[in-house]
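Look at the two complexes coming up: subunit A is in both, with subunit B in one and subunit C in the other.
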Partner chain A sequence: MKLAIKLAFKNLIGAGLRTWLNVIVLSFSFVIIIAVKGILVGWDRQAKNDMTEWEIGGGQYWHEDYDPYDAFTLEESHAPVPGEFTPEIEQGDMVPVLMTRGTIYPQGRMQSILIKGIDPEQTLLKLPTNKLDTAVAAIPAVIGSNMAKTKKLEIGDYITMRWRDANGTFDAADIFITGIFTTNVPTVDVSQVWIPLDSLQSMLLMPGEATTLTFRNREKARQDTGEWKLMTFDELVSDIEEMIKTKSVGQSIFYIILLILALLAIFDTQVLSIFRRQKEIGTYIALGYTRRGVVGLFTVEGAMHAILAALVGAVYGIPFLIWFANKGISLGVSSADYGFAMAETMYPAYSLGLIAGTTILVLVATTIVSYWPSRKIAKMNPTEALRGKLQ
Partner chain B sequence: MKKVIVILLSVFSVAAYAQPTADEIINRVDKNMSAENQVVESQMTIHGRRASRTITSVSYTVGDKKSFTEYLSPPREEGTKMLKLEDQLWIYSPTTDRIIQISGHMLRQSVMGSDLSYEDMMDDRKLTDVYSAELTGNEEIDGRQTWVLELEATVPDIAYASRKIWIDRERYVPLKEELFAKSGQLLKRSIMSDITRVDGRWYPMVIVYKDMMKQGEGTEFKITDIKFNQDIPEYIFSKAALKQ
Partner chain C sequence: MQNNLIIKTEKLTKRFPMGKSEFTALKDIDLELITGEFSGLIGPSGSGKTTLLNIIGSLDSPTEGQAIVMDQSVGQLSAKEAARLRKQSLGFIFQTYNLLQVHTVFENVELPLLLLKYSSSERKKMVYDALDWVGLTDKIKQKPPQLSGGECQRVAIARAMVKKPSLVLADEPTANLDAANSHNILQTMEKLNEELKTTFLFATHDEKVIAYLKRKIYLRDGMIDKIETAKNDK
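Showing the complex of A and B:
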């Protein structure tokens, strides 16, 4: 076997430019697969981090009627916070959020919004709720940068907000924008106004009530309680995982085409080698090589392209991928356009699994396309082959 | 004798200048405006920021519990029908050939993009049942003397916490109404005009509804024809009539 590998390597290097062209094309596939997959891994990691920090913490309890995709459920989805959570809330490890629908009228334009009440002293989420602890004549409010941009609002603006209380009675008051935050999580930004929880509870005639409870500790064993449904971290990020999975399938088409091109070149090379090196094959057999041995030799020779490609890819790929991971890639779309947590600049992340997986994939694929034409050798007549007669 | 004449005169003069109570005024308005049934043909013009659109319809109403409306134009809305029975509302759309019940939060949506919500149309409770009214003054609107009534909600489940209504002192017709939020913020204003005498009662033929927090000219509701106490077949007020 050692001899076969040595021989295969010598043959491969001896083929000169043809080998190196194949190797370079294959190495492109290597680097591109890792780079593209790295973006998705980086997105996944970034999205989950951002969602944890801005919205879901270690998980949430939802009121049983709450449906984030149906704003109309908000009128029924609220209940007093269970007493069993009081210690956790007091320690700052759980944050109740009350939600309702409302309307604002910036520059006389009617805009539907989601009004969210949160404790100004909370530290569990990255929202700058400390800015709600401001003594102003109107209700202090913080909004996201997307909301500020689309509704043309700035810090220091007063706007009239209208809502309905628990009885359905209209009420209206001015809010004062005390802070604008920038986040990659559109579900805490787009068309939303954050105000102090106490204010919202009294505005809606819902003292001590909430719609969701976000907790910090992901590991603690929990279960549904009363009207509150447990939403684990994994359940809350399942949407983004599904999305990335779909994207991954879409993107794989791109690099599969690239890989096929490279493999096609190797396949072609193998076919040509077997056709042109019939005398050599005959000599091997005459010298005592078994047919399977010769097939193995040619397969190893082809598969070695992948090893060389990995080495060549590493030479230029490692510096490129490191640079890419630091520089990131800007897709020119904001998270609000997508509706998912997504940074404007994505930074790829490469795991050992990703690199090992890609190497194995390319190696296996190259071995298969190398073996495929080599099978012909097994059917060759060695005497004819030795004479160099075409078969 | 002289003393008796003085007393009688003063009693008559007090009686002549005595103002009716707020509830009495509201009841008189109800009496003037409501009929056993009515058939109204109307045009609703919704003024948008860029353009306006007019929707014509015919409505059959019996008391304040039953109402059937059919939209006649524009072509997009033609054939759409709305049936209100007690506190239930159904809409039939010819494009989908389906009847949809409008309930719960959906009642809070705007009617055909206007400044009116379904709920505004649905609330048929008598004002005196849900508000305590107070006569707070007299004002002149377009040359007509009016009483100004201020109404405060007495029940919790009501959309507007207070209202202010200007009633024509002679014709017992509201000329203006303002609806307020709990905080006192003015939310909506209606202006009634073109007061016409129809079958012995005074009726506003044009009503302009305006969401006061929104820019724009609001929604103009113009009655082109109104008939009281007609023979309206009972089958009209059934769900089956929606698909006919």
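Showing the complex of A and C:
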């Protein structure tokens, strides 16, 4: 093997430009696969991080009737917070949120919204709820920048908000916008108004009740409790993982095409080599190589393209990928367009597993396309190969 | 080896398929060569000399009969055993040199030793010795395209001789060389034959080579026509 590697390296370097063309094209595959996959890994990481900070913490309890995709369930999906959670809530490690449907009338236009009540003193989520702890004539409210933009609201605006209480009676009051936050998590922003939990509980005639309970500690063993269904962190991020998986398939097609082009070039080189280098093959056999040994030598030679490509790719790829990781890529779309956590600028993240996995993928693929034509050597007549006669 | 016999063929026949029929390249060849001989298979093109050389070199196998090279019946060797025989005991010299073009002179000569797994220091010494025999120690870093035809063939001789094989098979070694270079390399081979007692078997129809041979085996139409033990008439 050591000899095959030594000879293969020598032969590759000796082949000059042809080798370097193949190596450069293959190195593009390396760098692009890592860059594209890095975006997806970065997206996944950023989305989970943003969701953890803004919405789901370490997981949630949902009222058993709560369905985030069906606003009509909100009328029924509330219950008193179980006493067993009181210590966690008091320590700030759990945040109850009460939700209901409502309507606002900015500039006289009727707009459906989701009203969410949250403790102004909570620190578990990144929401600027401290701005709810304000004494004003109306109900203090914070909204996201997307909500502010689409509903044309600003800090200091008074708007009328209408809702139905637990008895189904319509009621209305003014809210006062005390803060606007910017987030990549549309599910805490789009068409939502955050007000103090106490206010909402008294508005709905639901004292001590909540729709969801968000907790901090992901590691703690938990289970369903009464009407409350445990939603683990993994369950809560499963949608985004599915979405990224779908995106990953689409983007894979792009780099698979590039990889196939590079592999075709190597396959072509290998096929040509076997025709052009028959005399050399015969010579190796005459010197004492077995045919299997020569097949191995040519396979190693082809596979070595991948090793050289990894080295060449590292030379220009490492600075490029570092620059790319710092600069990020602006996708030109807002998270609200997608409906789930997505930063406008995506910062790729590269893991050791990603780099090792890509290297192994390219190495294995290159070895296979190198071995394929090399098998022909095993059927070659050495006496005719020595004369360079095409077989 | 029995009675110093290095090669023995018995009723050696080789036939090649030609369409639906067969072409007989060698027929009932009975031949014996003793260690240290400097002999040649002589005959026109198509007489079967290269075929016989290839069979003796375990690159091909007989259709009938047998070729015993250093007590091993070539036709019965597995591919691995045949490769081992070539690697350990045989050296080849070709008409077109068959040097590896991207390797230096040193690396070309070193190749058989790499296959035999000699240490780096042993390889270095043996390669220098071999290049010294052929007078090319000053060209070790050059590559074949930078050498003349004569120099290339001398590198090929060094490559064949570096492991000090028992038998060197040379197929038309002077066919691409001018007279001066031909004599030069033949003298080199003759010297190595005398000093290292290596057996040389040529396949040739070149008069310059024939003049150096101590035993001349004439082939015609795949059969031995005559064998002459000639005095050196170069």
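The working rule: the second predicted complex is superposed on the first by the 391 of 391 C-alpha atoms of A that agree within 3 Å, B and C clash if a C-alpha of one lies under 4 Å from a C-alpha of the other, contacts with A are read in each partner's own complex, and residues count from 1 in each chain.
Note that contacts are C-beta pairs under 8 Å (C-beta built on N, C-alpha and C of every residue); 3 or more make two chains touch, one makes a residue touch a chain.
Just so we're clear, the structure is a prediction, and the values are computed from it rather than from any experiment.
Overlay on subunit A: subunit B and subunit C fit together in the combined arrangement.
Centres of mass aside, this uses C-alpha centres: at subunit A, the angle toward subunit B and subunit C in the superposed model is 150 degrees, to the nearest 10.
Shared-chain residue A:6: touches subunit C; no touch with subunit B. In the superposition on chain A, A:130 makes contact with neither subunit B nor subunit C. Once the two complexes are overlaid on the shared chain, A:14 sits against subunit C while remaining clear of subunit B. Of the two partner chains placed by the overlay, only subunit C lies in contact with A:386; subunit B stays clear of it.
Touched residues of subunit A, counted separately for subunit B and subunit C, are more numerous for C. When the shared chain is aligned, subunit B comes close enough to touch A:162, but subunit C does not.
Contacts of A:172 after superposition on the shared chain: subunit B is touched, whereas subunit C is not. Contacts of A:288 after superposition: subunit C is touched, whereas subunit B is not reached.
After overlaying the two complexes on the shared chain, residue contacts for A:75 are found with subunit B alone; subunit C is out of touch.
The superposed arrangement places subunit B and subunit C with a least CA-CA distance of 76 Å. The intersection of subunit A residues touching subunit B with those touching subunit C, taken from the two complexes, is empty. Within the complex formed with subunit A, the subunit B residues making contact are 104-106, 108, 153, 156-161, 179, 181-183, 185, 187, 211, 213-216. Interface of subunit A with subunit B (complex): residues 72, 75, 103, 105, 107-110, 160, 162, 164-165, 167-173. Residues 3, 6-7, 10-11, 13-15, 279-280, 282-283, 285-293, 382-383, 386, 388 of subunit A are the ones that touch subunit C when the two sit in their complex.
The residues of subunit C lying in touch with subunit A in their complex are 50-51, 54, 57, 59-60, 79-80, 83-84, 86-88, 92, 94, 96, 98, 100-103, 107, 111-112, 114-116, 159.
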